[in-house]
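The chains carry the letters A, B, C and D, assigned in the order they are written, with residues numbered from 1 in each.
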Amino acid sequence: MANSKEEVILDSSELRFIEGHGKLLVKASGKDIVAEFHNLEGPRFLTKYLQGKPAEMAPLVASRICGLCFTAHSINSAEAIEKALGIKVSREVRDLRNVLYLANNLRSHMMHLLYLSIPPIKGLISVLRLSDKDVFKAGARLLAKSTELIEIWGGRSVHVPNVVVGGFGAPMKGKELLNSVNELEGLLPDAKKFVEYALDLELPELERYRLLAGLKKPGFYPVHSEDANMALTDGSVLNNQSYFDGLEEVTKEYSTSKHVYYRKSEITVGALSRIMLNRNYLSAGARKLAEEVEWSMNPFLIVKAQAVEVVHYIEELVKQSQELSDVMMEAHNPGVCSTMDADAGMACSFRGSKGKGISIAEAPRGTLCHSCEVEDGLIKDYKVYTPTAVNSKSIEADAVEMVKRFRPIGMEKLKFVLEDLVRSYDPCLSCAVSLDAFD
Amino acid sequence: MSNELNPYLPRPANVTSVKNESLDTKTLRFRLINWTAPFQAGQFVQLLLPGVGEAPFCIASSQSDPKHLELTIMRRGIVTTASQYLRPGDAVGIRGPLGKPFPVSAFEGKDVLVVATGIGIAALKSLILYLVENRGKFKDVTLLYGARFPEDLVYRDEIRRWSEKIKVIITLSKATPDWAGLRGRVTDHLNEVELNPSTVAAVCGSPAVMTSIADELVNKGLKKENIYVSLERHMKCGIGKCARCLIMGGLLVCKDGPVFRASEIDIRAIGE
Amino acid sequence: MRLAFYSLTSCEGCLTTLITNLGPNLESLWNIFDIDYFKLVREPVGGSKVPKADIAFVEGAVVTNLDRKKLLEIRENSSFVVALGTCASSGNIAFTASRGVKLKNKKLRDVEIFEAEPISSVVTVDFELSGCPVSAEEFTDALLRLINNIEPIQPDYSVCYECRTKGNDCLLEKGRVCLGPLAMGGCGAACPSVGSPCYSCRGPATEADLEAYLKTLEKKGLDKKRAVLMLHMFTGKKAKELLKNGE
Amino acid sequence: MPKLTTQDILKLIDGLRAEGFEVISPLRINGVVKLAKLPPGEAPLLDYIRINNSPKDFLLPCRESLYKYRSTATLTSYGLKIRFPTAEGPCPVTIMPECTLPKSKIAFFGIHPCMVNSIRYLDKVMLSDPADPYYKGRRDGMFIAVMECEEGDDYCLCGMLDSYKVPAGYADLMMRKRDGGFLVRAASEGGKGVLALINKTQEKDGVPELVPKMKEKYTFDSTDEAEIDRRDAKEYVELCTLCAACTVTCPTCYCGDIEDEFSLMDPANVERTRLRMSCQRKCYSMIAGGTTFLKTKDARFKWRLKHKFPFSERAYQLKGCIGCGNCIAMCPARIDFRKFLGRREA
């Protein structure tokens, strides 16, 4: 609570280049330094809205949580509902969803790196001022391509209607999609150019120990896969359910999002955690790039981790699409893509079913959990744990550490570095808003 | 690509002069660049303003000069608003002449009554000019022109000149106190015109008004086939391919009109 | 010509749509206009976060006290305000969802929340571009018309019109409730084209006839309650008006 | 009549392709039967009743560019401005439209007689003086292989409009079902030439006319304008939501709109585009100032019928309705104009 001795030493005012509205406040009270990561974005009552609504509405509503990684939210939500209702989707659907997830993460990373994180690190007010025009063009091409993939697949470039409970609404446009993926392969040189630019960035040093967490599955670099476990950097591996049960939310009176702790302590999720945990399973090109970087628990490195992942996602997309080309081309057989009988009213087929479902996947910003409870085809409870909420605690702790170490360079300068720090986490404040913060 | 082969293509023209007629109405004069538009009274053109769009307008100049066209345009929508800003020298595109004219030879040797309300007079101007220029061919010629406010009256100078050759009656429905002339609607003043069963009438105005004028004329003993109306509809292609200007009876305003005999169409249909 | 792009409470999907779908055109947007602020793309230097603009595009619904304050400031500094997307034009899901929510606390330290409103409930809006998300094409078209003093046009057709133009099979025939006949077109029937029913994310069509639509559902033996539920989802305030007139 | 195997059909199609035709035929795409460009190697769907679109989609596309021209739009320091108001002095540019007319050779393979009649109707409209050059460019040199129809569905009404008869000069090949296969005969010189490719010669037997069975029979009393006006349509259109599916899917609805389209990349280049229009839409009959001539649902419903029957008969001596029943089958409310115009027979 407000202490008379507390003194605000840094107020970022509205954070720039960030999805949503927020600010960072650093206070000194005596010798202690406290940081507050404010989420100022308003709630949109989405999870509340879902209560009492037919189960198949969930992916549609969940999609609106975020305008950057909407595909992740739709897929997670569809999967949570399917689990709650005991619907088994075909292997093909799962594989295809995994590929779509890759495209989503690729797009989100490109958007974040290109428009949000790199320009301010370079001290620019917009990516359009980037002196190296080729880098911008390369990045823009990649972003456009990944958007195109999502559009062909999802039926629209933002808020994809094709991801539905039970699979996909309409069969894939296989040929179009494969052509597009092949063109993506042609963009690898562009990607390398862009990624190298990102890997060359000079970043501050700020190592601080904390637990990193992410999905882990031997032999894979998991993104979206139902049977992957959660792993922590202390070596523990747990199944999804116990990770989920270990999550706990804390309300802060300054933020519209809650802070999420794992077993009462701080963990960090996101690209850096994934790299730290699964580096060996990166695709060949990405692994090579990853070797050039000295990885440590420095949050600024998240930007580079994302850059490495960009190459990984492209290579994986190409590889997995080729493996799945038979499935994709089978456009005439809707059964492959959906376990639902599209012709029967879906709401009716869920009548009487009840259950709980959890879906955990590696969204661009880190591990994303959707959980739901369904009764009689209607949603009883819906919860979303976003990576940003999980990372909030780390952001604050890092900010404190930063101020402690670098205070001598002056708060005016530090302000920009601190903003970069927050942005490294690629926080999405719109996603993180939780209505429960008000309860 | 020549326009003979592709009737959708506009041909170039320049604005040569602009005349303010009233607050929201201007008469624009165009010079056709390397082409002519031999037209007859009552026909219209499609005017293309580059980057804005196309709209149909009746030619409001004398058919004796096919190298120049005049259009009187009232500000109403996109094209008409943009046209208010045209200045001499500006380039536009014109397609036309389009539509069927007034069959003026059938008017010869008869009394002719021209009834116009509001901007409708623009559609009748070429006819009036023809009547004035060939005054000897017709018996009594009367122009009955109604508007709302004194400011709305257009063609003031011309009307003064015409009135030397034909009878002109002007009436205002919302006249200001200082207005010395007639008041009321055109239908109130039809009595002032001597009508006989062979009188030919040409009418243009807003849809509802045209219906009541035509009705009134029929009541006064005019033959339906001697009453001509000039209609307005949403029009896009101007050559009968888009069916936007289809009216009752399956006629197209662009091809079968804009001039119709009241006997060809249902009078009530004019306003519907 | 100065443009500005703002975001209130939203998912920022509309601005993202513009950014990604305009692609290389985004750069030409920059060459043609003075853009002092574009959330996610260009941050203002120093001074006000709400620079003077000729046309301001505002995404998002008004939920918090901060939104309200910002919006008033935007109105004050912009000659023409365009609501960008369904959040801004009808309040989106939040409009319905925020009504009837009981919270112990509606005020945090800096943030106070209210029932969600479209921006037109707070300030005068000059034009609305609907859609969740907006269509980049419609945005471009509207922008080009606006700067030429031509009033942009809202589609006067329904989603069915586009759905049928694409030659799709009708979902109503398959026993699924689809709001196509009521919904304003312009999205290219994105949802029905992939077999998902239309939820009318662009608001009601100009001549939406709710009564006839509900009777059609009845004739087909489809669930009317569900249609009303779906209608409430995106269309927020506009659905409320439509239903009021319909009853 | 020679019988066709699937192999023969593929050969015929290859023959057409070799002559430069773009083959369009019914196909099942994602469970929907519609006319589409036939991919090489694939066989057309010949056993079907209803297609979701019609030949007009290929002859009179939903969106087509008529011509391009440079507008007076300029980039100024103040931003982009199309030069109204012309603050910078008179505009020096002359309008020079550039256009390329389409030139294509289309072969419709396996369309039903009703659809053939729709092409005849569009021909009447679009080729009457002055001919529409865009339509003409697509239509000229067309090849039509007709699949005769044995039985309609609940909504078909070609039986009562005689539109199952293929008009003279509108078929190159005639095909009909027989014993699980297809019989074929040439109906034109072009057709004979293609048939020769598969070495099947024409036998000279008389072919009996095939009259499709109608599931529902109606008689129309009169389709006069006065009669349509006299009748009360309110009860029929009560359920109409003005979604315009009836006109969109009607093979003979040709109403259009023309608009200027700009692009942000190059605003000085304007494209004049032709788009589809529908009499069920508000702006169809709206004139400047907002006056709308067709205000109500029943006025628009009647208008559609008047355009199909009396108006078309008057202008082109041809019914505008070819009896495909699409407007009934595709209407969400199943508004059935047959009931309005006529009586159902037992």
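Odds and ends about this structure:
The criterion applied here is as follows: contacts are C-beta pairs under 8 Å (C-beta built on N, C-alpha and C of every residue); 3 or more make two chains touch, one makes a residue touch a chain.
Fair warning: this is a prediction, and the values are worked out from it, not measured in the lab.
Taking the mean Cα position of each chain as its centre, A sits at the greatest distance from chain B. Remark: the per-chain Cα centre closest to the mean position of all protein Cα atoms belongs to C. Per-pair counts of C-beta contacts peak for the chains A-C. In this assembly, the C-alpha centroid of chain B lies 44 Å from the C-alpha centroid of chain C. The distance from the centre of chain A to the centre of chain D, each centre being the mean of the chain's C-alpha atoms, comes to 48 Å.
Annotation: 34 Å between the Cα-based centres of chain C and chain D. For this pair, chain A with chain B, the centres built from the Cα atoms lie 66 Å apart. Residue positions of chain C touching 2 or more other chains, listed in rising order: 24, 148-149.
For chain B, the set of residues touching two or more other chains reads 51-52, 82. Residue positions of chain A with contacts to 2 or more other chains are 170.
Of all residues in chain C, only 1, 22, 24-25, 28-29, 32-34, 140-141, 143-144, 147-149, 156-158, 160-161, 164-165, 167-170, 172, 180-182, 205-209, 212-213, 215-216, 219-220 touch chain D in the complex they form. Remark: chain C residues 148-151 touch chain B in the complex. Partner chain C is touched in their complex by these residues of chain A: 14, 16-17, 19-21, 38, 40-46, 48-49, 53-54, 57, 60-61, 64-68, 70, 107, 111, 115-116, 120, 125-128, 140, 143-144, 147, 154-159, 161-162, 164, 168-170, 253-256, 342-347, 430, 435, 437-439.
Residue ranges on chain D touching chain B, taken from their complex, read 66-67, 69-73, 82-86, 89-97, 99, 101, 125-126, 128, 130, 132-134, 225, 254-260, 262, 267-268, 270, 272, 274, 277, 283-289, 291, 293, 306-307, 310-315. Taken in their complex, chain B has these residues touching chain D: 1, 5-10, 12, 14, 33, 48-55, 76-77, 80, 82, 85-93, 207, 232-234, 236-237, 239-244, 246, 248-250, 252, 272.
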